[in-house]
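Following this line, the structures themselves.
What follows is a pair of complexes built around chain A, which joins chain B in one and chain C in the other.
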Partner chain A sequence: MRRLLEQGVAIFSWSGTLLLLTVLLVLLGYLGYRGAGAVDTGLIFGTIPPLDALLLRRQVFDGLFPAVAGTFALVLLAVGLAAPVGLAAGIYMAEYCRGRSRQVLGLFFDILAGLPSIVVGLAGFSLTIALHRLLPGSLGPCLLISALSLGFLILPYLIRSTQLALESLPPALRLSAPALGATKLQNIRYVLLPARLSAILGGIILATGRAAEDTAVIMLTGAVASAGLPRSLFEQFEALPFFIYYISSQYSDPDELQTGFGAAILLSAVCAVLLLGAFIIEQTLSRRLMR
Partner chain B sequence: MSTFGRLPVVLFRLAAFGSGLLTIAVFLLMLFLGWPLLSGGQFVHLIAEEWSPDRGLYGVFPMVIGSIAIALLALCFSLPISLGTSFVAATLAPRPLRRCLLAMVRFMAGIPTVVYGFVAVFLLVPFMREHLTGGSGLNILTASMILALLIAPTMIVFFVGGLGSVEKSFCLAVDGLGGTKVQKLLYLQLPQAWPAMVAGVVMGLGRAMGDTLISLMLAGNSVAVPHAAIDSGRTLTAHIALVIAADFSSMEFKSIFAAGMILYVFSSVVVVVLRLFTGMAMRPTG
Partner chain C sequence: MDDGAKIITEKLCFAYRKRAVLQDIDLALPARSIIAVTGASGLGKTTFLSIFNRLWEENGGGTCRGRVTIRFADGPVDIYGKEMSVSLLRRRVGMVFQAPNPLPMTVFKNVAFPLLLQSAKSRDDIAEQVETMLKKVHLFDEVKDRLDSDARILSGGQQQRLCIARALMSDPEILLLDEPTSSLDNTACARIEELLVELRKDRTLIMVSHYQDQVRRVADRVFELADRQLCRIW
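Our next item is the complex of A and B:
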């Protein structure tokens, strides 16, 4: 009886793994099969020479350039806004916060990390409504609101990764500088942070990936299907994830659909590269610690 | 210490407490904006009522049912596969294959949700339409199948972490007694790691409830209460995304704040439950 159970578990496990791998391969294979033809410079820049588009000499109408630029600006802004706050809060949690307030703050950050992204988007949207009531006509859904909401979404991940990175330092390293007369701040600035810089960087890169792929937040806070290049913080913008969502329901001809598949490949590639970057940084770090 | 020397610490504290306060502020903001619909004890009506704007009913009951149905169904699909994969990735496979499998799971977690949805619209939906469910192919079953794929990496990572953190000497003892890998898994790792396994399931359920794009793209978004897995359904998350384009001052619009609050409370409960179970996993059991 037990032998039967054990054999059953083994068969069950391997077939589950096989099924998961097969489904993943089918999905990715289909994406590659349908989208491979679309991936060239024309996908991003249309018929405009890439250099002209990048230097903003000519506008791109039939390529993904506005969406790519929108996503780039959005993610850069979101991470730029959230990273300093996240790092500071992470340092505070790891080095200063003790007792009851540490538990309460930890719970809040866990709740924040668990919030569905549509709720964060709704919060950003509510903010625009509140602003609209206080100062009529000042601000609608726009790039800035989106970046703020997105930054809020990735904030708990930044805090947690920074906190974990600092807390996992060996005690010997933590104590030697203060023993030589360094203040706590000097210790953090010159010893602890440099020692864990790559882990913190890895956390930031992973958070960047999350910001790049999220669709629910930006569709509530200012992403639209056609807006051209992002010109100002206070205007609506295009973004890759929203473009992909939009195409899936609103495409009008095979060419547009093909561009959609190309965009899906492009976004997956961007996220894969970010993931790989974080992975490599983590690997080099663990090798250095083992030595 | 001089005032200047204290400044960084003050900034650190400000960042931490500010972020914590923002978490509460989000809830209060939704409460404030949804208040016209909530005041006068209408909240129960709001959750239990049907959605029928013609008759002045703005209950989100169908969406609550839709969310729960899709999330539970996704969990049913995903749990066996995730369990199996985590068994292989934690114990059964040889070491190089285990590393390979884990890297792949992490890669899966990195694929954008919208890409899963996009591919499913053009691959799974036509298949469902022509061979399985008929209709438009956009239904609860389709959405939960893709959602199962989406939450699998989350659960696998939790499961593998739990199974892998079993006391090393115990594992060596099983190996020393000549136990096979399956025996080690069944009689040592699984009983030891059950709080982590439960935590993984709760986490998976939380992610499934919180996802917007998959149900928005694949579940059909009808506002009727679904009665079967092949019915079209609408989730709370999709409801928020769909109604947001409507008129600001309408009651219809206010209902999205009720949906938002339900989601907020649900995800907070998930976090608290998770904390209880991971607290149990920390303490050595038995």
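Our next item is the complex of A and C:
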């Protein structure tokens, strides 16, 4: 009976994994089927030669280049703003926070993680209005407010992943540096963080993916359909998730919808590039710390 | 107070979350000897060791009372006194754990780690000391071509000797060993035992061990921990 139960659990687990893999492949396949025809240099650069667009010699008005650049800028800025705070708070939770405050803060971060992104977007929008009233004419919905709101959205993931990564270290390793005379800070800097670097960067990678796909936050805080390349932190911008949302809800003919699927493929490619970048950073850091 | 003793405990009590682990222990442990502590699992042998480098403080939940005096080369010190720096104490009282615990860095950096923390020496001096220490634990010939490799790829026995070399790097006068051979095979175990006997010549070793044969082979004095008391067996 026990053996039968074990086999049942194994088959259930295997089926779950297979189902997930199948859904992912079907999704990607469908995306490719509907959008591959639209993906060419024209989709990104319109009628402008790619080199001229990349070197910023000419502006792209009828392609997705501004949205691709806007997505990169937005995600890098959001992760750049949130990662130091998330890492610091995660380290605090794992290494310094004890007793009741640990329980209260843990609960707070869990609630924060479950907050719908539209609520965070609304908070960002309210902040924009408040700033606009405070500094009339100089600050409105913009890249910085969007990045701050997105950063706030991914913060709990960063905190919890860093905390769990550090807490999962074996006690013997945790004590090895203090037993040699290392201070708490030296232990964190030289042993605990390097030992869990890949898990911590894994959390950042997941947060990057979360930031890249979110639409609700940016549509309320700074993303618009047509803004050109982002030229400063205080201007509105274009982003692929917003373009996909916009085109799929407003399309007037099948060709426009195909452009939306093409944009979805581009967004997946942008995510892949960001994840690859994070992987390269992890490998480089690991090698540097090992030396 | 015993005049020839290296470590003296007076009315030493330790409790973990209100549960008494050690009760009124008075001991005088001799210098340049191997002192073995045996006893059933879960009675507090590791806790007893961690009292001498105050490592129990890292986990929290414990309360230590009484007095522990260590006669270092430059004079006796109450290790729970207000002036005592914990970092300094742990450099003078080294510790080797039950399972080898190499740090996530190269073989070289693992051994050099205690010196890197102090950053008081030049790289050439550090390299020379690393080589000396690896030779002392009979590991240099085995790893001399792998000094820049991740220490975690070494075998269990090699890792444990690496950890002993690392613990010796700050030249501790006392070495605490928490079942240092329990995760090793017979050959690796024999090499560690030979090393411990060598180390006894110029330092005091306190070792927790479950193996009666091992205790008989290497220890000069044996205590058994039972019912919150340490009883001298021989």
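Here, the second predicted complex is superposed on the first by the 232 of 291 C-alpha atoms of A that agree within 3 Å, B and C clash if a C-alpha of one lies under 4 Å from a C-alpha of the other, contacts with A are read in each partner's own complex, and residues count from 1 in each chain.
Everything below uses one rule, namely that contacts are C-beta pairs under 8 Å (C-beta built on N, C-alpha and C of every residue); 3 or more make two chains touch, one makes a residue touch a chain.
Owing to the predicted nature of the structure, the values given are computational and were not obtained by experimental measurement.
Trainee: Taking the superposition as given, does A:S176 touch the first partner, chain B, the second, chain C, both, or neither?
Mentor: In the superposition, A:S176 contacts chain C only.
Trainee: A:L51 in the overlay: touching chain B, chain C, both, or neither? Say first, second, both or neither.
Mentor: Touch partners of A:L51: none, neither chain B nor chain C.
Trainee: Have a look at where A:S268 lands relative to chain B and chain C in the superposition and call it first, second, both or neither.
Mentor: After superposition on chain A, A:S268 lies in contact with chain B alone.
Trainee: Taking the superposition as given, does A:R98 touch the first partner, chain B, the second, chain C, both, or neither?
Mentor: second
Trainee: Which partner, once the models are overlaid, touches more of chain A's residues, chain C or chain B?
Mentor: Between chain B and chain C, the winner on chain A residue contacts is B.
Trainee: Could you look at A:A225 and tell me whether it touches chain B, chain C, both or neither (first, second, both, neither)?
Mentor: In the superposed model, A:A225 contacts neither chain B nor chain C.
Trainee: In the overlay, answer first, second, both or neither for which of chain B and chain C A:F125 touches.
Mentor: first
Trainee: Which chain A residues contact chain B in one complex and chain C in the other?
Mentor: Touching chain B in the first complex and chain C in the second, residues 183 of chain A appear in both lists.
Trainee: Which stretch or stretches of chain B touch chain A in the complex?
Mentor: So the residues of chain B in touch with chain A come to 1, 5, 8-9, 11-20, 22-24, 26, 29-30, 33, 80-85, 87-89, 92, 101, 103-104, 106-108, 110-123, 149, 152, 180, 182-183, 185-186, 206, 209-213, 216-217, 237, 240-241, 244, 248, 256-257, 260, 263-264, 267-268, 270-272, 274-275.
Trainee: Considering only the defined contacts, which chain C positions touch chain A in the complex?
Mentor: Listed in rising order, the residues of chain C that touch chain A are 53, 55, 58-60, 87-91, 94-95, 97-99, 101, 103-106, 109, 113-114, 116-117, 148, 150, 163, 166-167, 169-170.
Trainee: Which residues of chain A touch chain C once you look at their complex with the stated criterion?
Mentor: On the chain A side, the touching residues are 98, 170-183, 186, 190-191, 194-195, 289-291.
Trainee: Per the contact definition, I'd like the list of chain A residues that touch chain B in the complex.
Mentor: Those residues of chain A that touch chain B are 5-7, 9-10, 12-17, 19-21, 23-24, 26-27, 30-31, 34, 84-86, 88-89, 91-93, 95-97, 104-105, 107-123, 125-127, 129-130, 152, 155-156, 159, 183, 185, 209, 212-213, 215-216, 219-220, 241, 244-245, 247-249, 260-261, 264, 267-268, 271-272, 274-275, 279.
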